[in-house]
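Working notes, structure below.
In this document, chain identifiers A, B and C correspond to the written order of the chains, with residue numbering beginning at 1 in each.
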Amino acid sequence: MSKPFATVVEPKTSLNNKTGSWRTVRPEYVHRLPPCNVTCPAGENIQQWLSLAQEGKFFEAWQEMVKNNPFPATMGRVCYHTCEKVCNRGQYDGSVNINLIERSIGDMAIAKGWSFEKSNAHSDKKVLIVGSGPSGLTAAYFLKKFGYNVDLFESHKYLGGMMRYGVPKYRLPRHVLDAEIKRIQDSGVNIICNKKVENLKDELVNYDAVYLAIGASVASSVNIDVESKAIVMSAIDLFQKMEDDSNDLPNLGKSVVVYGGGNTAIDAARTALRLGAEDVKIVYRRTINNMPAHETEIQDALSEGIEILCLRTISSINGKKVILDKMDYDEENGILSRSGKNEMIVADSVIFAIGQAVECSFLQGIEGISVSEKGLIDVDNCMMTGLKGVFAGGDAILGKRTVTHAIGYGKKAAKCIDAFLQGRDYVPNSKNEVANFKKLNTEYYKKDERKEVSRLGNLDFEEKDVSYSNNEIIQEAMRCFSCGNCFHCDNCYSYCPDNAIIKHEDGTLEINYDYCKGCGICASECPCGAIKMTV
Amino acid sequence: MSSLTMGNRFGQNTSVQSSSNRPNTLTSGHRACQGCGEGLAARCAIDAAFTAAKGKIAVVNATGCLEVVSCSFPDNSWNVPWIHSLFGNTAAVASGVAAAFKNKGQTDVRVIAQGGDGGTTDIGMGCLSGMFDRNDDVLYICYDNQAYMNTGVQRSSATPALARTATTMPNSQYNGSDPETGKNVPDIAMAHGIPYVAVASVGNIHDLERKVAKAINIRGAKYIQIHCPCPLGWGFPTAETIRIARLALKSGMYPLFEAENGVLVGSTPIEDQIPVEEYLRVQKRFAHLFGKNAMPEDIGILQKIANRNIEKYRLGGM
Amino acid sequence: MLYQLEGSQAVARAIALCRPEVVCAYPITPQTHIVEGVGELVRSGQLENCQYLNVESEMAAISVAIGSEAAGVRSYTATSSQGLLYMMEAVYNASGLELPIVMTLGNRAIGAPLNIWNDHTDAMSARDAGWLMMFAENNQEAADLHIQAFKIAETVKCPIMVCMDGFILTHAYEKVDLPEQSEVDEFLPPYEPAFALNPKNPCAIGAMVPTTEFMEVRYLAHLRQLEAKTVIEKVGREFSARFKRNSGGLIRTYHTEGAETIIVAMGSVLGSIKDTVDDLNRASGCNKYGVMSVVSYRPFPDEQIREALRNAKRVIVVEKAFALGHGGILSREIELALKGLDIEIITVIAGLGGRVITKTMLSEVFQKPKDKLIFLGLREDVIRQEYKTVLDERRV
């Protein structure tokens, strides 16, 4: 029997009504840059490896880490994790403990003996890297990956540069560092220790490019009147002595004064404690808030009983008497001035940690290579010195001096060298818009506190084991907001009043512009800001 | 990755809506306005019912926005057996449908009646009450957008206190809908002692789906009222529908609860209560409460309503 | 089998014989005994496999029937007077949705003033609602028409209203011959809907229809009504053949051959009219008067009426309703059916609100109609008194 005309209608005939014609603005899936990735000096895709970690794919997560940084276990210890500072979750219920996840997965890689993927790239060209610090090793790692023959010369007995000579063992156990360096070595980088480059010109003949990753390993000189019975030394000398002659640890006495406000000062002070000092004071000229040292480092030092004397400079050292000038600091204008008042403290040792300089005398007279007034090697945007084919990076050039930055320089240098050797211009990857907190809809994130683990251990040189269990890695990684990138929460698909989002079998999503009316609910309800409304 | 999203790639606590196999009982091409809360709520509710009843449902629809946007010759958006009769008789038509299926021995076919707040709380109240009275095996779903939207935003008995509608325009003498008017239909439904009454919201789809699925498997009369923000009628940008619904929940202006046999058995607690002002300020229908001539006690009236809801429905926890 | 039954009980039993699956009712005098009767048959198990719903209003009653009919089962309800008006929105709706509901209308006046007694004002209010409408002359026909009604409605896909005069038929005891269940089962096959709510084969019923199709929908409904004339006649013939008595059909004539004056009416008043006509014819010794009953008021059998009345000189339409400010309703329609023929048409409005219609009154008006429009038994003294007051108080 026939159905009534018009009043009875077959199902789903409205599919003929393409309501997409109503649209004045259109949603688009976008990739925005998560703040963690943007800020990472090493350029890690943190969000991506957190996502893999969420799924328990730890090997894949590690592989993702080493795409940009060959030192996950090391970074998981010494990186000052600016990523966590900018992590959007910090504005919600505490940033994701990225650093500890990186460390935990980095350690897992060492324990399981994971190695780098073999590169199939091949080139006959040769590159020399001078210095085995984080920058040099990273450059070597990438250049090898790009297929070049890489020689790396290190003037010291041991590899690692500042990772070894600038970071105490209790923060970075040497077996961890050694394992990560060995992995680079195993990838085919030809490393020669105890080899100092005296004459760069001679070496240039043998190489198509050179990367100067010589670091800043010389203590900056100070102009202080010293007439001392106390031990006076630089932090860098202290660390180097402890590394190269670990069986004969120096005795700094009971009371130690460290001069400086950076991370090295903190490391020196904490090392002093571990060497048996009972009274360790850090003298710093500005206020505690102005200390360049990382906040957690300062906290750790204070927790261990180290006293920080702010607004003071050392004016002279006489016997065991250290005379301090009290300072006035105009916070607003950043003007520091002597107050005219003095103070005397007693010290068995005084350690200077007021900065390090680049030893670049061997570059003198080489045409094209210039050194700035501050003693830093001049480079262009592509990290090349004035001499074609000679590149420089890490602490030796103007820029931030952290291990993580050094790794970033190493990676960039490798890319620049690669471009140079291919006869191309180095073009940095274009950057997407940043997914800041305002672009998120945090309603969909359940409050879930960051799993904090104190890294503070005993006052010895053993590292405290704080790594997450596999389950803890997953739980903490799950806290990632996935800022700016779809994490398949299906909100858009579920909320679209017009069914104008297609969810494919594999979970991928597509906007069906035939029906999308452009209401924008998908963009509003996207937790992570991965949908943009455009005109 | 968080259980509060509609779905997730780990498959935990996912909604019917997030499934790539969801039935899409209300499919594309319907003529609801951009950002329509009611259209979304209807698909969510009927999809949940369809899933819970393994596809065996029949739907009776009152006249109103939902009806005109979803089934206007030649375009029918429904993918389920569906009938529209009139504005005020929906519950009774559904009673008839249920009686027919019962007589055919097909009690596995679950019958749903649905309509807007006008068709439910006003003109459909008699038939609704009769359906409750007879305890007919029907789930009645009221999509509450708090006014007669289809006819151009006139006041209904579900219009909240002080809200502006086309028939409660604020001026120097009047201040939106009279706060001493209005009708609480979930309470009225509970007073009938029917097996199940629930209040849901598009601001909480997981809860909405759970309530519909629960109701669909209960024999007898059921009533679910769903808060559906209306961008056009309430005056807010089309992208904000869900957010507005959420603000209503967080402020206590729309309490989510469920009752069995007339007794409150559960409510969705408010974790961080927000002042009603946050909910009101973003809607033009309350703009006069913030304008030049606003009386400071007006917001207080609505805050009192929210507070009373929180106390009455134990939104601070059962 | 013959029974001595109240009209309502006869109808209730006839309904039960038709095996409706959903019956819903809201009480209103004088329909109550019918739905009470059906309810009792359901409760006692005599009518099996039937859902009986006590609803809260006539709007609900017809709406339940709309729902159950749309779900594909035979459905029945009954009402009267105010009840019909209260459900009127849904009455139109049921026909628009092509749902073959059967409804008994126990005809009663419409208030105000409140009056529970019989006339046809209620039925006339629904004359354009798209329903088929049939009028029973007596209780036997009331019972028979219901059995036919299901068959007609389900064939034409249109709801049908069987009108029977309140009290005069609903509450009167008469001999009624009711068929056996098996006979009815043979006459009336199980209901097979053209469309229904069905999860296995979903469709949407009751779409909004735009201007581009609305007129076509209405015209098709009109064509179905026209087609119903054939169906009503056919079903009537079939019924007569099976049950050996004449019931239903479009019209029925009584001694119209050669009659100069033919009385036209609907419903129970036809009994008195026929008696009166018999008396007059007997007295005059010739067949001067005839009677034509309109059984099917909708569809309106204009051609059949024209044929039946074409040789009359005068047609007197006795009707129990009228259009205020205008005059007769049925008579106006008869007049249109007879357009172009030289026949005098007299309208007799009678029995409003149960006003008694005696043979004497009828006899007088049939013989000497004083006017074109006559209100039978109107108390003119009251009108004179009251109308004067009205004039006195008029300001314009």
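Everything that follows uses one rule, which is that a contact is a pair of C-beta atoms (placed from the backbone, for glycine too) under 8 Å apart; a residue touches a chain by one contact, two chains touch by 3 or more.
All figures in this text were calculated on a predicted structure; none of them were measured in a lab.
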{"item": "Innermost chain by mean C-alpha position", "value": "B"}
{"item": "Comparison of A-B and A-C (more C-beta pairs in contact)", "value": "A-B"}
{"item": "Chain B-chain C separation of Cα centroids, rounded to whole Å", "value": "43"}
{"item": "Interchain centroid distance [CA atoms averaged], chain A/chain C, Å", "value": "92"}
{"item": "Where chain A and chain B are represented by their mean Cα positions, the distance between them in whole Å", "value": "51"}
{"item": "Multi-chain contact residues (two or more partners), chain B", "value": "71, 73, 76, 78-80"}
{"item": "Multi-partner residues of chain A (each touching 2 or more other chains)", "value": "6-7, 9-11"}
{"item": "Residue list for chain C, restricted to those that touch at least two other chains", "value": "97, 202-207, 209, 213"}
{"item": "Chain A residues touching chain C - in the complex, by the definition given at the top", "value": "1-11"}
{"item": "Residues on chain B engaged by chain C in the complex (per definition of touch)", "value": "55-58, 60-61, 67-68, 71-73, 76, 78-86, 88-89, 92-104, 109, 126-127, 129-130, 133-134, 136"}
{"item": "Chain B contact footprint on chain C (complex, rising order)", "value": "21-22, 24, 49-51, 53-57, 59-73, 75, 89-90, 93, 97, 196-199, 201-210, 213"}
{"item": "Chain A-facing residues of chain C, complex", "value": "96-98, 157, 192-195, 202-207, 209, 213-214, 216-217, 220"}
{"item": "Residues on chain A engaged by chain B in the complex (per definition of touch)", "value": "6-7, 9-19, 22, 54-55, 443-446, 478, 480, 482, 487-491, 493-500, 503-505, 507, 512, 514-515, 517-521, 523-525, 527, 533"}
